[in-house]
Amino acid sequence: MQESQQLWLIPIFPLLGFLLNGTLGKRMPKAFINAAAVGSVVLSFLWVVKVLAALGSLEAPHIERYFTWFAAGTFSVGVDFAVDRLTSVMLLVVTGIGSLIHIYAVGYMAHEDGYYRFFAYLNLFMFFMLVLVLGANFLILFIGWEGVGLCSYLLIGFYFLENFATDAGKKAFIVNRVGDFGFSLAMFLIVIHFGTLDFGTVFGKAAAMTPETSAGVITAICLLLLVGATGKSAQVPLYVWLPDAMAGPTPVSALIHAATMVTAGVYMVARSSSLFNLAPIAMETVAIVGLLTAFFAATMGLAQNDIKKVFAYSTVSQLGYMFVGLGVGAYSAGMFHVVTHAFFKALLFLGAGSVIHACHHEQDMRHMGGLRKKIPLTFWTLCCAWVAIAGIPPFSGFHSKDAILLAAHAHAPWMYWVGVVTAGMTAFYVSRAMFMTFFGEYRGHAHPHESPFVMTLPLIVLAILSLGGGQIHIPDWLAPVLGEEHAAHETSLVVISVVAGALGIALAYFMYVVSPGLPDALANRFKTLHTLIYNKYFVDEVYDVSIVTPIAQGSRDLLWKGVDAGFIDGIVNGAGSLARGIGGGLRYLQAGNIRGYATWVAAGAVFLVVAMTVMGGIR
Amino acid sequence: MPTNFWPSAAELHRFMPEIILTLFGTAIMVLEPLTRAKKMLAWLAALALALAIGFALFAMNFPGTAFSGMIVADGFATFFRVLVCGVGLLTILLSLDYLDRENHQQGEYYALLLFSIVGQCVMASANELIMVFIGIEISSIASYVLAGYLRDDPRNNESAIKYFLLGSFATAFLLYGIAWIYGLTGTTNLSEIRAVLGNANFAQSPALVGLAAALLSVGFAFKVSAAPFQMWAPDVYQGAPAPVTAFMTAGPKAAAFAVFLRVFVTAFEPVSDRWVPLVGVVALATMVVGNLAALRQSNIKRLLAYSSIANAGYVLVAVAAHSEVGTQAVMFYLASYAIMNVGAFAVVSHFARKGERFVAIDDFSGLAERQPAMAALLAIFLLSLIGVPLTAGFFGKFYIFRAALDSHLVWLTVAGLLNSAIAAFYYLRILVVMYMHAPGEAAERLEPLSPTLNATIWAAALATLAFGVFPGPLLDLAGRWVLGR
Amino acid sequence: MSVILFGVFALIAVACAVNLVLQRHPVTSALSLIGVMGSLAVLYLLLGAEFIAAVQVIVYAGAIMVLFLFVIMLLNAGAEEKIPGKSLTAKLLGLPVFLIFLGVVAFLIQKYSSANAPVEFGAFTGGGPREVGRALFTTYLLPFEVTSVLILIAILGAVVLAKKEID
Amino acid sequence: MDLPLPLPIQAVPLSAYLVLSAVLFSLGICGFLFRRNLITIFMSIELMLNAVNLSFVAFSYQMKQVDGQIYSFFVMVVAAAEAAVGLAIILTVFKNRETLEVDDVDRLKL
Amino acid sequence: MLLNAVLFLPLIGFLIALILPTDLVKRFALGFSLLMFVVSLGLIGPVLANPGVYSFETDVEWINSPMIRYHIGIDGLSLWLVILTTFLTPLAVLISWNYIDRRIKEYYAFLILLAFGMIGVFVSLDLFVYYVFWEVGLVPMYFLIGIWGHERRIYAAVKFFLYTMVGSVLMLAAIVYLYLKSGTFDYTVILSQMASGQLKLTPEEALPLFLAFFFAFAIKVPLFPLHTWLPDAHVEAPTAGSVMLASVMLKMGTYGLVRYCLPLFPSAARECAPWIAALAIIGIVYGALVALVQPNMKKLVAYSSVSHLGFVVLGIFSFNQVALDGAVYQMLNHGISTGALFMLVGMMYERRHSLEIADYGGVANPAPNLSIVFLITTLASVGLPTLNNFVGEFLVLQGAAMANFGWAVFAALGVILSACYMLWLYQRVFYGRASEDLAHHMPDLNLREWVAITPLVVLMVWMGVAAQGFLSPVTVSNARTLEQTKVNVDFRVATPRTPAPEVARAD
């Protein structure tokens, strides 16, 4: 029996922070709020470090079982936490980046109403995210899964006075629910076939199944899990919520919608890798979904003017990359990208936040420009992220992206090529954003100023991580859990991808620095294409027309007004009216006339006489 | 031929309730012009009824027939004698105030009431068709007069003339039936008729027996207001003075059921295949007609009249069950119905004020806010009429439908139960008006109940609840005194 | 002889009854009813019911019908007006009901009744006052006494309904 | 009394009396349904009672019992009582409405 | 005995309330209902110790012909429902404190009387007694809706009464039929007769009987398409009426299904299960879709009840432990969360005198605490893990998936839709900018309201996190119920695909 590491403390710290801020925050000074919020996350981070240090190399998962959540018959679900190598990576990323972003938010949110509320939600998010990561069975993971969705909902809708924010929050939650629908069904199938939701047991039993019996079931389970993952990790076709989610405060975008929550899908698939390995069809689907997402999101990112939207599509696209990695069997590469992406994307968002902060909540890049000199620290840190995401060696993004691309090539070369094109586009739009924001002349009306130290400190830390994060050999650490990689290291392929990145940067430089009129000209030249991309392929509109409106209209006119009020109540009230009608008719027989009554008496007599003589045989 | 026709003491005991009532009735008649204290006469009548109840019960010590088998003092007779005397007692208590208000406080009223009850007691105990006929006539003729008691009120006149003409019309059929049964069997004694009909050598045509039974049942069906002979009931009940209506819906109706059961179950048992199914059909028609027509009524007396038709339908269901359990259910139901209906009419009669001005359902608007106690009492009676558990009406229905199911009348049971759900609607309307509407003019200016009336209503309500919680004693009684086959 | 008597008086009875139904004026109807009663009295005699025949003439045709005529006169009732009746039910169902009832009962009597022995005058002589009286005061003592209540009610009822206001 | 008469029927069966009774009874019904004067209607009822009496007496003859006649005696008593009360009621109706038209006595309805 | 005390206290309270002076009634009602609650807590320990059998049994003769016994008892299935009733009654009193301003005495009297009927339903073990309580509960609710409701209250009250009445009369017929077959109304005796084979119902008998019971329960639940009384009743009822109606009264239907329909008519229930499940699923999706487009808050919550209770019915007719446990748990959850929703809506109504969603918007700003509590309740209602509804829904869906995966697929759509309508409601009511008028008339929760709502919120979390504590007695009872559904099953029905085995015929 392993020594208990009190894993429960890891999520409990943020939960306490949430409770403190949630109940008392309103009446407390900011210092208290900061202490509770940041302190709890930092404590949690420290505890993670302590636990991991104590657990050492983690050859076998460390499991702690607390209590039975609920049980029905032989089926029972326990509140169990587990730490293995995969978890350890996620724990560090979540608590580490979480701490940084909390610190950043102290500065960023300083002048917002509902300061305490913000940190309460953020702490709550940390709690759920940690539960998600720590959960030792699917249902505990699902708690976290839903919980982070909730916090995402709350934080996207943080500016609840604005309709677009609350709309976006609602959309995020509901789209995620669609994914959860798949996840739930997957869990049902798992319970039906394995009788439990415990990771270890399920994976063990699945591995023990013969391929003939396992293929169908496990493929179904994996595909349903994938549906869940597409929701949370914003993959095609459920990615639509993520760009809208930028309505939330920027630290939220950084923490939830870039670094941690959206990678939960990747984590979940990686966690279930032993199932996916048994279901090649599901794997292939994962890869294709990822690829589609990566590509299309990148194209959509090309034409966005909102700086956060650009990064949002970038996130979607990068998540697509991760899925490609998962799908082609390179789980550890996918996870690697999760980590590096967490670094540089968090940085990008925080930097963007800093920019926005500087420009007094201006997010449209067309109203920026030339900020390089006004907020240099932000600029330089963002540059670190820029090179990282563009895949410039030897920075972090290069390593992880390369690992994925190589694995993809080993799996199917066409995937590699699509990936390379996407990489080029990625480099292009990030560069475009950088150029539009920091180069040229300032086109806005505010007086940009550098952010305070609490905000720049996290930027610096993340910049360092973005640059050097690639040196952390996460794939090696994860290999025992997620399987070895088989991709050969082909230099030519590496070069091609790097060149694609460089080309993207160059093109962006040419279009936005050298000849700034070109983009508009091109937009006019390829009007249709531009309109399509600019409007994100009208996907939201299509969803609206094909799903939302029919459901709303159908429910109102057909179901409610038609079936409910019309048909069912029609029958009910109709029966009432019929009875009353008959009653009314009967009343008119009762005309008050004695002779009429007597006629009925006589008629009744005739009836009785005939009936009684005939009944029983007329003899 | 027996030579000694002078009745024995036991025979006199078996007929004592009727004798007592007649004597008191006559005494009241005689005293009426001699005294101005008319209410004394009412109390005298009440005393007579109390004594009659006592003697009826006492007669149980001498079970058997009397006067050449003309009447029989058995449990069944006793039950209904007590019931009709009880109804009479309640009616007297209701009438005191009413007649005062209408300036018609006269001894004749109470005398007529007593005589009418004599008729009903005779009906309850009759063992001979001729006694049945005379009993019905005594009861009816007295009722005709009572219905038209306030002779200057056109509603009373109309009620009386309708009741009289149609009643006589139906009685003619009854009589024709008696003639036929006499012609076929040579006797009018119920048990002898049964013996003759049940005799394997019985040579007469069964179809003619059917004819006789049909003609008889016309008369009975009319008295119990079964469809399609029910049409007189709403008009008569609406037009008659409220206490009289209360009386008529409870007393004569119960007696009519008693005699109906006695004649058919005793005499026509051998040809039960001819009439039992028809009773089911008639029961269904009666329930449906009563309930549906009641849905649209706006006059509370008329509504209760339709409700009494519907209730007759339920009772007929139990009759159609054609079993001892069914008879028991009939007895229980009639007793409980009598209590709750008289109670309801008591409130209605008080509420109506002089000249029965406020008898529209809408007049009861907001009664619960102005006179919560009175509204609550009426609500108890109405809930009992709906058949909500813990009221007597519920057990009444319950026993009836149990009996019906016991006899495998599933369709009739289901139809009856659905009917009782429909019925809920119109009773609820009164509750709605009383409890959920703002007080109207009628509720605003309502003087409180007089002590006697108050006591009467409370007693009825408590009885309704008591039989709703502990129906056992009453049911046991009915079971012990049920009409044997 | 009994055939002729029956034929003649049955015919008179039916004719008078039809007349009662057809006549508009209540007095005519009343007189027709007396006719019916009279002829029935003869038929009672034929059937050996002497006492009843006598009572029929004395009480029924005499006393009761006189009461009727008296009331008709008192109320000065004229002929019914020639306006259509208000009851549609009676108009539509009346005749069929009448015909079916009569048809069915007559058919049943003809087809199934065992009472097809010829009626002979004098074959039954148990209907004299002596026999009736004996039955009435022995077997039927109770109903006889109880009818007194009926008479009381009749008196009382008539008084209640017809007497002048007390005030 | 058996005079040889040139009649198609030599003797009247009892059933003829019963049929006559039925005819009169039906005519009574008919009168109730079609006459519109309260008194005439009442007389129709009397006709029905008379018809019933005929049946009673006829059956009495058939049974060779006096009982049937006793019944018809009671019927007469009842008829007398009914007549007293009935006519009194008709009187009150007339006093209030000045009419004997049965169709006008229809205020209580529906 | 304690259970008798719990059962009859409300009746006593009702009578006392009737004779008390009006100005004392409110406080009396609160104190008395708290007393009821405290007394009922005493039931928990003994029942938990032995949840599979009836504790606190009282079995005395009530009426001797037909033999009707006053037989009551409580087991793991009914325990929480009884507690729920007594728990909600004081809260209902609190929530009515200012809301009810006329005919106060009658109001609180009826409110207390309501508990009498409902507790009686949950504890009776004699079919007749059960029916009596079933109907008795109807009357106070009818008055509560009809007297203290909104504009169309009378229509709603009458509809409520008649709908239920139609169903229950058929049930009465079935009860009487069972009595005639078995010679007893005693539920436990009937079951043991069935177990011993002494009482056998032919399929031709069992099916109509089952349907008669089922129809009554389905109306009460309410199951699609018999649900249309519910939105009307809820919309028109006063807050406490809605709370009691949704939280407890609807459970009378589902409780009846579990307690009576399954054990008494196992074959018929299994035979009908696919159809019923289909109706339940239609109800889940349909209720959710219709809730989506409601312009009235209470109506929305009412339709959401239709949807939620569809889960319960689905769970019941999935015939396995997981689903049944989930269903029973979901009954409690729905009682808590929907009760809370109605309370909150009622609080808003007290402030704004409107139930139309369009009349709100931006409530979060003037009343942040209210909106947070509402949010938690909303989240509980949409089945967020760690809040109560999730456990129930998960178990139901899991069990349904075990019975038929297709059921779970369609039913799970309801989970998506619940998020849609609840969050949209939340957004429209609480988010956005409050109008001047609204902001002035929307004070935050006051102390009384806090007291009323906090217990519910605590329970939402408690039941969501420590579900096992609540579930364990339920599981034991349900295991027994499922055991009973295997008695006398015509196996031809239970396993349609396998040819009828000879063994099965032998019993």
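Going by the order they are written in, the chains are A, B, C, D and E; count residues from 1 in each one.
In this text, a contact is a pair of C-beta atoms (placed from the backbone, for glycine too) under 8 Å apart; a residue touches a chain by one contact, two chains touch by 3 or more.
Note that the coordinates shown come from a computational prediction; the quantities given were computed from them, not determined experimentally.
Undergrad: Give the chains in contact with both subunit B and subunit C, ordered by label.
TA: A, D
Undergrad: From the centre of subunit D, which chain's CA centre is farthest?
TA: Max centre-to-centre separation from subunit D belongs to A.
Undergrad: Which chain has its C-alpha centre closest to the mean of all protein C-alpha atoms shown?
TA: Of all chains shown, the one whose C-alpha centroid lies nearest the global centroid is E.
Undergrad: Compute the centre of every chain as the mean of its C-alpha atoms, then state which one is farthest from the centre of subunit C.
TA: A
Undergrad: If you tally the C-beta contacts for B-E and for C-D, which one comes out higher?
TA: Looking at B-E and C-D side by side, C-D shows more C-beta contacts.
Undergrad: Centre to centre, by mean C-alpha position, how many angstrom separate subunit A and subunit E?
TA: That pair's centroid distance is 36 Å.
Undergrad: Indicate the whole-number Å distance between the mean C-alpha point of subunit A and the mean C-alpha point of subunit C.
TA: 100
Undergrad: Starting from the mean Cα coordinates of subunit C and subunit E, work out the distance between those two points in Å.
TA: Distance between chain centres, rounded to whole Å: 70 Å.
Undergrad: What is the distance in Å between the mean C-alpha positions of subunit B and subunit D?
TA: 28
Undergrad: Going by the touch rule set out above, which residues of subunit D reach two or more other chains?
TA: Residues 18, 25, 28-29, 32-34, 36, 41-42, 58-59, 62, 65, 67, 70, 74, 78, 81-82, 85, 88-90, 92, 102-103, 105-109.
Undergrad: Tell me, which residues of subunit C touch at least two other chains?
TA: 85-87, 90, 94, 97-98, 101, 105, 108, 112-113, 115, 139-140, 143, 147, 150, 153-154, 157, 161
Undergrad: Enumerate the residues of subunit A that touch no fewer than two other chains.
TA: In subunit A, the residues touching two or more other chains are 576, 587, 589-596, 598-600, 602-603, 605, 609, 613, 619.
Undergrad: Identify every two-chain combination in which the chains touch.
TA: So, checking each combination of chains, I get A-B, A-C, A-D, A-E, B-C, B-D, B-E, C-D as the touching pairs.
Undergrad: Please output the residues of subunit A touching subunit E within their complex, sorted ascending.
TA: Touch residues, subunit A against subunit E: 26, 67-75, 139, 142-143, 146-147, 150, 153, 157, 160-163, 166-167, 169-170, 173-174, 177-178, 180-181, 184-185, 187-189, 191-192, 551-552, 554-556, 559-560, 563-565, 568-569, 572, 576.
Undergrad: Under the touch definition given earlier, write down the residues of subunit D that touch subunit B in their complex.
TA: Subunit D residues touching subunit B: 18, 21, 25, 28, 32, 38, 41-42, 45, 48-49, 51-52, 55-56, 58-59, 62-63, 65, 67-68, 70-71, 74-75, 78, 81-82, 85-86, 88-90, 92-93, 95-97, 102, 105-109.
Undergrad: Within their complex, state which residues of subunit C touch subunit D.
TA: Residue positions touching the partner: 1-4, 6-7, 10, 13-14, 17-18, 20-21, 23-24, 26, 29-30, 33, 36-37, 40, 43-44, 47-49, 51-52, 55-56, 59-60, 63-64, 67-68, 71-72, 74-75, 77, 80-81, 85-87, 90, 94, 97-98, 101-102, 105-106, 109-110, 113, 115-124, 126-127, 131-132, 135-136, 139-140, 143, 147, 150-151, 153-155, 157-158, 161-162.
Undergrad: For the complex, give me every residue of subunit E touching subunit A.
TA: For subunit E paired with subunit A, touching residues are 159, 162-163, 225, 227-229, 231, 286, 289-290, 292-294, 320-322, 324-326, 329, 362, 364-365, 368, 379, 384-386, 390-391, 394-395, 397-399, 401-402, 405, 408-409, 412-413, 415-416, 419-420, 423-424, 427, 430-433, 465-468, 471-472, 475, 479.
Undergrad: Which of the residues in subunit D end up touching subunit C in this complex?
TA: Going by the criterion above, the answer is residues 1-3, 5, 7, 9-20, 22-31, 33-37, 39-40, 42-44, 46-47, 50, 53-54, 57-62, 64-67, 69-70, 72-74, 76-85, 87-92, 94, 100-101, 103, 106.
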